[in-house]
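In structure tokens below, several structures.
Both of the next two complexes hold chain A, though its partner changes from chain B to chain C.
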Partner chain A sequence: MINKVIELSEQNLYACYQCGKCSAGCPSVKLMDIMPNQVIRYLQIGKPDKVLQCKTIWICASCYTCSVRCPRGIDLTRVMEAIRLIQLRKNIDYIKVREISEDVLVSVPQIALVAEFRKHTA
Partner chain B sequence: MEPRIGVFVCHCGINIASTVDVKRVVEAIKGYPGVVHAEDYVYMCSDPGQELIRSRIKEKKLNGVVVAACSPTLHEATFRNTVSQVGLNPYRCEIANIREHCSWIHTDRDKATEKAIKIVKSIVEKVKLNDELLPISIPITKRALVIGGGIAGIQAALDIANAGYEVILVEKNPSIGGHMAQLSETFPTLDCAQCILTPKMVEVGQHPNIKLYNYAEVEDLSGYVGNFKVKIRLKASYVDWSKCVGCGVCMEKCPTKVPSEFEMGLTTRKAIYVPFPQAVPNKPVIDRENCLYFKTGKCRICEKVCTFGAIKFDEQDEFVEEEVGAIIVATGYELYPIEKIGEYGGGKYKDVINGLQFERLLSASGPTGGGVQRPSDRKVPKRVAFVSCVGSRDPELHKPYCSKVCCMYLTKHAMLYKHRVPDGEPIVFYIDIRSDGKGYEEFVQRAQEEEHVTYIRGKVSKIYEDNGELVLLAVDTLTGEPLEVRVDMVVLGMAIVPSPAVYELAKKLKIQIDANGFLTEAHPKLRPVETLTPGIFLAGCAHAPKDIPDTVAQASAAASKVLEMFSQKELQHDPMVATVDEDRCSGCGVCVTLCPYGAREIEVKDGKRVAKVNEAKCEGCGSCIAGCPAGACQQRNLKDEQLVNMVKAVLE
Partner chain C sequence: MKIFYYPGCTLKTQARNFECSAMEVMKLLGYELVELNRWNCCGTVYSLASDDLIHKVAPIRNLVRVKEQGGDKVVTLCAMCYNTLKQANVFFNSDQEARDKINSFMDTEIDYEGDVEVLHLLTVLRDEVGFDNISKKVVRKLNHIKVAPYYGCLLLRPSTVAIDDAENPSIMEELLHALGVETIDFPYRNECCGTYNTVSAVDLVIDRTYRIVGLARNLGADVIVTSCPLCQFNLEVRQKDVKERFPEFEQLPVIYFTQLMGVALGVPTERLGFELNHIKPKVLMEL
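Up next, the complex of A and B:
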């Protein structure tokens, strides 16, 4: 699994020394179930299920804060994207479009919905 | 001379033998013309290995030896010494490098073995035509130059001076002492830096064998090992130190205040100043850039109040020349600038300070008299964060290396802060704690067990100000908790970087610096205090980040290398230098322009211009030989004929 993520993201996950700077600066970290540095850690120690089942990869807003501050030059945004791709290519959607409530559909701008479909559905 | 060459193939444990079939090399070389003996051994450089070579030389009446082993930079001298012990001229022994040039860089055993055989054959061809040479003797000036007057330079200078040799110590600042003079107490014993350093500074100032040039810089260097000529710029201090008694009235009356370098900008000094009260020498200098008189043409108050007439506004920089035989470079370090760390405020928050600033806050002689007060409002901070690896271990954005001392001094800071502010709360942010010196791990454990310093494993991502407090965004990677820590002050363990002047100095001295600007040692393990330029040694943080014990040890090691040189009557220089066939030489002078060592010159002999070689300066690089249009230059033991035969042996 780690090799698949490395291939898709073109990032060397073995370079991560678990300093936690990515998680420390992440604006969405409080909504995540595992922290961004732990996403890499679980891949390093061969527990990909933790990563595939976590909410973190879907919550990541791709703001790139972690990527610009990483001392080891790992673009974690691309890593998150790679893991999402692995799930989406299995035709596993994170959101069910049919289950989006009427309220949301009328209140959320259309562009946000399109972005949501792109990021969270296969 | 009929060649009778012995070939000795080393396994180097498995370093060579795992990739090169050494037995096959031995078999292949046995029948080669000129080779009368060949054998292999597991460690040729060991005592039994060397004994093997010596006994075979006697038994088989060898007149040439090829050792197929590691790089000649490592053991050429070893084996040349071995063969000379049984009467063979050392220059009849050569190394065939089948480790660095072969086994280490290849994986295919068959091809590597083929290559090793070719390397050995080629070196056999070289030895066949090697002349018996004698080392060139050159005289030594038994005086040393030490550049930098921090603890490294002080230690090295004292060691050499105490052994009875003269030392020229050049320091760019008004006083010696370096960064150590700024420190409060030192880990892991918490002895006061001033108390252990100032006696040494005084000793330097008073030592009959040490000539101290403070407020001076090395301008130029010429010459070569044993015989350097150094030009030193004595920067104008505008004070006649022979008249000045150090009474301090000038400093008191000077109207211009400037941020004090020694106090890391936490307080001010005057435009005429002594950096700190314990300075050696304790004589002031005028800072020309900030002096009111130099800026506006008016003031001269210091001149008026000096009853000794020591102020000299018309003083100019002066130059002196000194002859020395050896040089120790100990130019020290600076801290990586906080301006480069945008996410920690980049210097805009007054209460985010660096480690040296905190040292001054802790120091009894510092701006707060040792009471910890934060710079913005002089309030005693009740929570202080200490952040390690700021700029260090960050190959992507800053410096890739570990600065080595931060883990320990931040621990010390947390502990001393706790001593000064017993109800204070120190929090150390770290990635890994590196406490590998004697008594260091115990020191860190003491901070945790007895002083209750909180350690949080996680790198701080951002620092910002909020309502008079500083907020650190961090994460405890051990529990997986994101943290927002609010503190009154932050101390950053900034990366150690080489003193910026070292780049220009290295060019003047023709010594190498690495990718991070630190001086490069000749060998990372076996020659750690030498540079690749003979006669120039290094010590302290100019070489790499290191703490005081390591610095002092390295400085003493460099001094002992200098003393080793000075203990000899004269120096021995490698005789494999350029030679000139005067009949062929047209005196064109191409060699003179090409020589990087200034070893070539044109001489008029019987009305004819001919090129000469200064054998002491010639390093045998071969530039002049390649460049000579008349083919009049040859290098000893690398003659054209030898080179052609070596190439033929490889292409065979």
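Up next, the complex of A and C:
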């Protein structure tokens, strides 16, 4: 699967030397089940299931903090997007749209809803 | 002077206070924001996959509208719109093959040449209006107020679209100092607010809001100033959820930088849309 991720993300995942700077700076790492640097590591060592099933890729909201800090120039934001798309293109939604409460629907700004649907639904 | 203005969806609904305050302020500074005709959704989030060209048509189509209406630059207020339009524009100019494909997707529009400049209002205020000139128009003294400037992500990252240094930005501080207010040194100013996770992972946003707003308050801020309607929502409206979880949490108003400008420049406060702010910035409204 690593080649598919490299193709979709246009990032050289073999350049990563696991310094962990991405995980150290990630504002949402607290809620992730595997750390951002581990996403790359699992792909490098041929364990794609670990990343396809993790929560991490869905929590990443493309804030680009890791991308601007990576000493190897890897845009991890694009890597996360590539893995999300590999899942979403199997036509599986990550969220259940019908279960979004009315409270949320009427209160959040449109940009939140559109972004959520773009990132978390097929 | 007239500048084309791209509003985007949220500026017409929840963030009407951002739009109306920006209009008032720009009028006062001698500029008219002319809303683009027939604008459409910017796409909201920029598509990051190499094979995903179709989602770049929406932002590029808006730039075609600017050309059709005789302009060569467009200003946005919403940081998400800014980021998406600008990234699409940068991409369009970097890849000839993709450029031809995107143009052929749009059959009723003129071909886009990649020659529209996407600006954020903050850079227009800095580069065209000039912070010195803004400073000269200040009529209300606000030197008793401490402000936490909050940039969020989308004005600063990725580096191809950044309006300032990603790690150590200063544009908002410079504007705020020109308005005569004091700013706090705010380490969380460029941290993510949790963004669209506010729809189905509210816990994440509650955690972010608790930390970001809590730190601003601990550092002595009276108000947080931002430029993104989603940051504004997460940092302000989600404070209610934070309070339920952490009863000791004290609320703090979160307003748009244009609202603060409006107060400083003497726009009557009733024209700055504070009725849409859930936590009223009393410190600014009772001057």
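The working rule: the second predicted complex is superposed on the first by the 122 of 122 C-alpha atoms of A that agree within 3 Å, B and C clash if a C-alpha of one lies under 4 Å from a C-alpha of the other, contacts with A are read in each partner's own complex, and residues count from 1 in each chain.
As a working rule, contacts are C-beta pairs under 8 Å (C-beta built on N, C-alpha and C of every residue); 3 or more make two chains touch, one makes a residue touch a chain.
Just so it is clear, the structure is predicted and the values come from calculations on it, not from any experiment.
Undergrad: Check whether A:V114 is in contact with chain B, with chain C, with both or with neither, and answer first, second, both or neither.
TA: Once the two structures are laid over each other on A, A:V114 reaches chain C alone.
Undergrad: After superposition on the shared chain, which partner residues are touched by A:I100: those of chain B (first), chain C (second), both, or neither?
TA: Second partner only, chain C.
Undergrad: Examine A:A82 and indicate which partner it touches, taking first as chain B and second as chain C; both and neither are also allowed.
TA: In the superposed model, A:A82 contacts chain C only, not chain B.
Undergrad: Identify which of chain B and chain C touches the larger number of residues of chain A.
TA: C
Undergrad: For A:M35 in the superposed arrangement: first (chain B), second (chain C), both or neither?
TA: Only chain B; A:M35 stays clear of chain C.
Undergrad: Does chain B (first) or chain C (second) touch A:S62, or do both, or does neither?
TA: A:S62 sits against chain C, while chain B stays out of touch.
Undergrad: Looking at A:Y17, would you say it contacts chain B, chain C, both, or neither? Reply first, second, both or neither.
TA: first
Undergrad: Going by the contact definition given at the top, which residues of chain A touch chain B in one complex and chain C in the other?
TA: On chain A, the residues that contact chain B in one structure and chain C in the other are 30, 65.
Undergrad: Which of the residues in chain A end up touching chain B in this complex?
TA: My answer: residues 17-26, 29-30, 34-35, 37-38, 65, 69-73.
Undergrad: Please output the residues of chain C touching chain A within their complex, sorted ascending.
TA: 8-10, 13-15, 41, 43-52, 55, 78, 80, 153, 157-159, 166-167, 191-192, 194-204, 207-208, 229-230, 233, 237
Undergrad: List the residues on chain A that touch chain C in their complex, please.
TA: 7-10, 27-28, 30-31, 59, 61-65, 67-68, 75, 77-78, 81-82, 85, 95, 100, 104, 107-116, 118-120
Undergrad: For the complex, give me every residue of chain B touching chain A.
TA: For chain B paired with chain A, touching residues are 343, 389, 393-398, 431, 457-462, 473-477, 480, 482-483.
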